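Look at the two complexes coming up: subunit A is in both, with subunit B in one and subunit C in the other.
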Partner chain A sequence: MTFVPNLEFKKLLLDVHLRDEIKYCYQCNRCSDVCPVAAAAPGRYEPRTLIMASFLGLPQLALGSPDKFMIWGCQVCDTCDEICPNHIELTEIFTLIKNIAVQQGKAPDYYTSQAKTILQFGKAIPMQPAIERRRQKFGIPPEPKCNVDEIKAILTETKLSKKLNMEG
Partner chain B sequence: MSAKVAFMQLSSCWGCHQSLLNAHLGLLKVLPELEIVYWPAVVDFKLESLKKRQDGEIIVGFIEGAIRNEQDRQNTLLMRKKCKIIVALGACAVHGSVLGLANLYDKEDLLRRKFVEADSIGSSDVKGTWPKEHVPETTDRLMVVEDVIDVDLKLPGCPPRTSNIVSAVLYLLTLLAPPQGDPSKSVYDGVPKGESLVEKGELCFGSICAPSKDGSVYNKHEPWLGTYGLTNKPDMDRAKKLFELLSLKTKLTEEEAVKIKKFLMLALNLPGFEFMYFKGDPLQVLAKRPESIKEEKVGNTKILVFKKTGIKIIDDIIGLCLLKLRDSNQLKFNQATVCSTCERKVVDKTTAEFKRDYAGIADMNKCFLEQGYFCAGPATKAGCGTICPNRANAPCLGCYGPQENIKDQGAKMLSTFASIFQGDPEVLKEKVLDPAGLFNRFTLAVSTLGGKIKDKEA
Partner chain C sequence: MAESKLLFPGCMIGNRIPYLEASARKVFEKLGVKVEDAPFSCCPDPVGFQSTDKESWLALGARNLCIAEQMGKNIVSLCNGCTQTLTAVNHELKNNPHEKEKINKILKKVNKEFKGTSNVYHFVKLLKEEVGVDKIKSTVTKSLSNLKVACHTGCHYARPSSIMQYDDPFEPKVLRELVAATGAKVVDYTEEALCCGTGASNTDPNVGLTVLKRKMDSIKKAGANAICVICPSCFQQIDGNQKALTKQFGTEYEIPVLYLTELLALAMGYSSEEIDLKSHRTKTEIIDKNIGG
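Let's look at the complex of A and B:
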């Protein structure tokens, strides 16, 4: 059966979603109507179906396949959160699913590579020789070295390296 | 194992089935899980085959349409007998829709108009022939499905949005999934006496809940909220303790209320969908029709009647949870109308004129009501996606019907108009030619207006 709900996930979802008010989903499509990603990539990303899958406890339906962004299309711009008539925090739920998927090693490479870069170089965009040369040309002092070891230590302590399946 | 489903067709236009078929390839995900045993719109199963099914054999029965004649009534009763879950699909089945406006007329008048006076009836030798044979008797008034049988799930809309129907079907399929917990045990089995959280005075539902099949261990620091559903073998001593603990709480704190809500949602596997009204969802029923759940007494403790699991102590605890939620005002249930999903700007919430739909072209950015057009948005349930006002520059007609806690959509809209209309009331009287048809367009059959009944003697 494809439609066996993941009960542990439902519990986690409620921990994020049910804080005070009970907010049921209308499936009214307002989130998909305003979503910039859904407009740019029709058929590949749609918050409404993702929130449906989450509420039903079927997070597997929200994870992507090669031709679809699905959950990874969410850029956390919060437009859907603001428009939702029932004030459902969709991006919170999507972030939860993303985190679970990353831990299970189901995240696509393009998603984790950025985190790996930070882990390796201490910054999201490492310095490139071309930029170094340009800085020299304009007389800007060389870029100060950042303490990569310290960042690595923090990230290892927060278990990021473990979650990304790259030790050290 | 696939689930048996049946789709019944009463007096209606088949539009709701069209809406379901609109899912196109989206249906492919769902279809392998379904065994369709009756669906006149799509497959050629005879009614006899449905009659020969065993009672309760079909898991879900969808009923589209309203009850206009005796055959509709018989078919509805047949569906209730054969199906475990009955879904009223579409505005006709739930609210009577435009068909319900016929209730403003007497049955004789209606039949005469249709079979004798209608201009479209051809040659004069046919005209005036009142069909008596091979036609089912017309009922005195139009009824909705709920007037005849118990309905478990109501899915309004004319038609319900494709996505709504598919979501509802998916939810029903998740209900059919085999239990992932082990209902022959309780979470507290194996927890020594005095070590469970409930004995330490904390709300923990382990005594009436099932553990997971792989035997997930009870965490002594975190209350168990029913992740793997309810058990068949509750830990009686500690369940009684939980009942006692709950009954002593005069007012729930916010934290406790959230715990109870989570427990109910997890243990009963509630959908969390608001476009449909599901009778099996006590939170929804409590929020929208609190008066429909009666009170009863267990010993000296008042609880709300909840009978579903068949195990008294579990039913009692859930009933008590519901009562505490109701009485402590902690059941904060969000509900939205079409207005909450509308993009139009509302400025002063008044209008000085009343325009008919066809008069001029409405401003795309301004609220319809402020422009003087009739729009049923304020009294209509959200869920449709607000396609008419946002996309088509057409006011809401109210096809999704009222929110469950609004008794009469038409009356609500009348009072809305009474409070925003600044012009001469006489003008309004003159302009609104058919108030029942305008304010109760989709809901007359279930409205307080009822219908016309002719005195037999007169």
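Let's look at the complex of A and C:
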């Protein structure tokens, strides 16, 4: 598969990220060495490859073509950030790439459905009557109600539903 | 004891695993830790929601911090994920004026303003730094000396260290100290710093289980008869998936998982019925056997 460099994509990752850290990657591979997902899914997810795709400006590779596990395999465990000898915040860069993937409709269901639940209820896991009864049984006070209208107003400002492609 | 803090149970503990919250409240009461409730929303999830839209994640996290600021209180969280989100949002907005201005413009629509005046504590940090190991030892009425405990702090407790600024990102010590305070023996195992695999499961459950297997094999090899955790995602993954590992790989574990607050409650003399240990997916009878009912 041929990958076409995209300078806009590269500029986005270089610009948005503080200090242009990504430029300092010399591909030493320590990130992939310590990554628990790279060890569990060899060849399908590699932080080093993702960083290379980012500084070369290869969105097809970074956004998971042919396998979207290439980016969504990152589980934000922050192990690679911690080990990088050049202090590159890899998961910050991967977060940006995932945010772009979401807007292109390329996110796994888990992510989009969680966001829709937060948009509707203000919580990723809304309260249920059965749990309310269990809380009562344990003598835990009822959960204070959060102001869902405020959450919705904030997420209208951040255009979340548009980013999730929920608007026609 | 210091002034009261706002309890941030998080939606996974509060709305799915409430018996963990019950044990925390019991332990806090025994130790004189005063907590109040507040109308927080989702923290929101540092893995799911941040990966989906960082701007929305920052804004909702900042709104929760504003609630604490308006009440003039600090937050104590029962969950690694919530602790990391609230700490990271606080850190980012305090150190990045451009981002702070952008988020405050959004918060203005709901008459809130982020100032950066509240602090966020993981409950482990609170127990170690404000309560202290000696005070905990003084509340132990039942020695847990027959327990051989594998400690698992999980990822978001101390990583990234540049933001979390507490304990060690690869060799955490504080949980070990708190577990040892109950008389339990802390066992060493090779994969102590390894993630539980929950995050990978969101995209591919098989990969998540493969990560978990590596961790569980190491815990079993070390001879642990209990695992102590401080994060509800890790709790669900390790307590809930040991049978799935057996089904998928043919390996058996059956090592009970205790939240630190459950372990402390047992040491303080609460019975396993009082903290509802039977709700766990991995059987906990061996705990009763080892601590004498």
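Keep in mind that, in the parts below, the second predicted complex is superposed on the first by the 146 of 168 C-alpha atoms of A that agree within 3 Å, B and C clash if a C-alpha of one lies under 4 Å from a C-alpha of the other, contacts with A are read in each partner's own complex, and residues count from 1 in each chain.
Criterion: a residue touches a chain if its C-beta (ideal position, glycine included) is under 8 Å from a C-beta of that chain, and two chains touch if they have at least 3 such contacts.
These numbers come from a predicted model, not from an experiment.
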Inset, instruction - Examine A:I154 and indicate which partner it touches, taking first as subunit B and second as subunit C; both and neither are also allowed. - result: second
Inset, instruction - Have a look at where A:F55 lands relative to subunit B and subunit C in the superposition and call it first, second, both or neither. - result: first
Inset, instruction - State whether A:P126 touches subunit B only (first), subunit C only (second), both chains, or neither. - result: second
Inset, instruction - With both structures superposed, pick whichever of subunit B and subunit C touches the larger number of subunit A residues. - result: C
Inset, instruction - Classify the contacts of A:P85 with the two partner chains as first (subunit B alone), second (subunit C alone), both, or neither. - result: first
Inset, instruction - Examine A:G139 and indicate which partner it touches, taking first as subunit B and second as subunit C; both and neither are also allowed. - result: second
Legend entry - Partner chain(s) touched by A:C28 [first = subunit B, second = subunit C, both, neither]: first
Legend entry - Which superposed partner A:P108 touches (first subunit B, second subunit C, both, neither): second
Legend entry - Shared subunit A contacts, counted only where both subunit B and subunit C touch the same residue: 18
Legend entry - Touching residues on subunit C, where the partner in the complex is subunit A: 11-12, 14-16, 18-19, 21-22, 25, 37-42, 44-56, 59-60, 63, 96, 106-107, 109-110, 155-156, 159-161, 169-170, 193-195, 197-200, 202-204, 207, 210-211, 214, 276
Inset, instruction - Going by the contact rule at the top, pick out the subunit A residues touching subunit B in the complex. - result: 1-5, 7-8, 10-11, 14-15, 18-30, 33, 48-49, 52, 55-58, 85-87
Inset, instruction - Using the touch definition up top, name the residues of subunit A that touch subunit C in the complex. - result: 18, 36-37, 39-41, 44, 68-69, 72-79, 81-82, 89, 91, 95-96, 98-99, 102, 107-108, 110-112, 114-115, 118, 122-128, 131, 134-135, 138-141, 143-148, 150-151, 153-155, 157-158, 160, 163-164
Inset, instruction - Provide the residue numbers of subunit B that touch subunit A in the complex, in ascending order. - result: 1, 29, 32-33, 161, 163-164, 167, 170-171, 173-174, 176-178, 180-181, 212, 225, 227-229, 254, 258, 261-262, 265-266, 269, 271-275, 283-284, 287, 331-336, 340-341, 382-386, 390
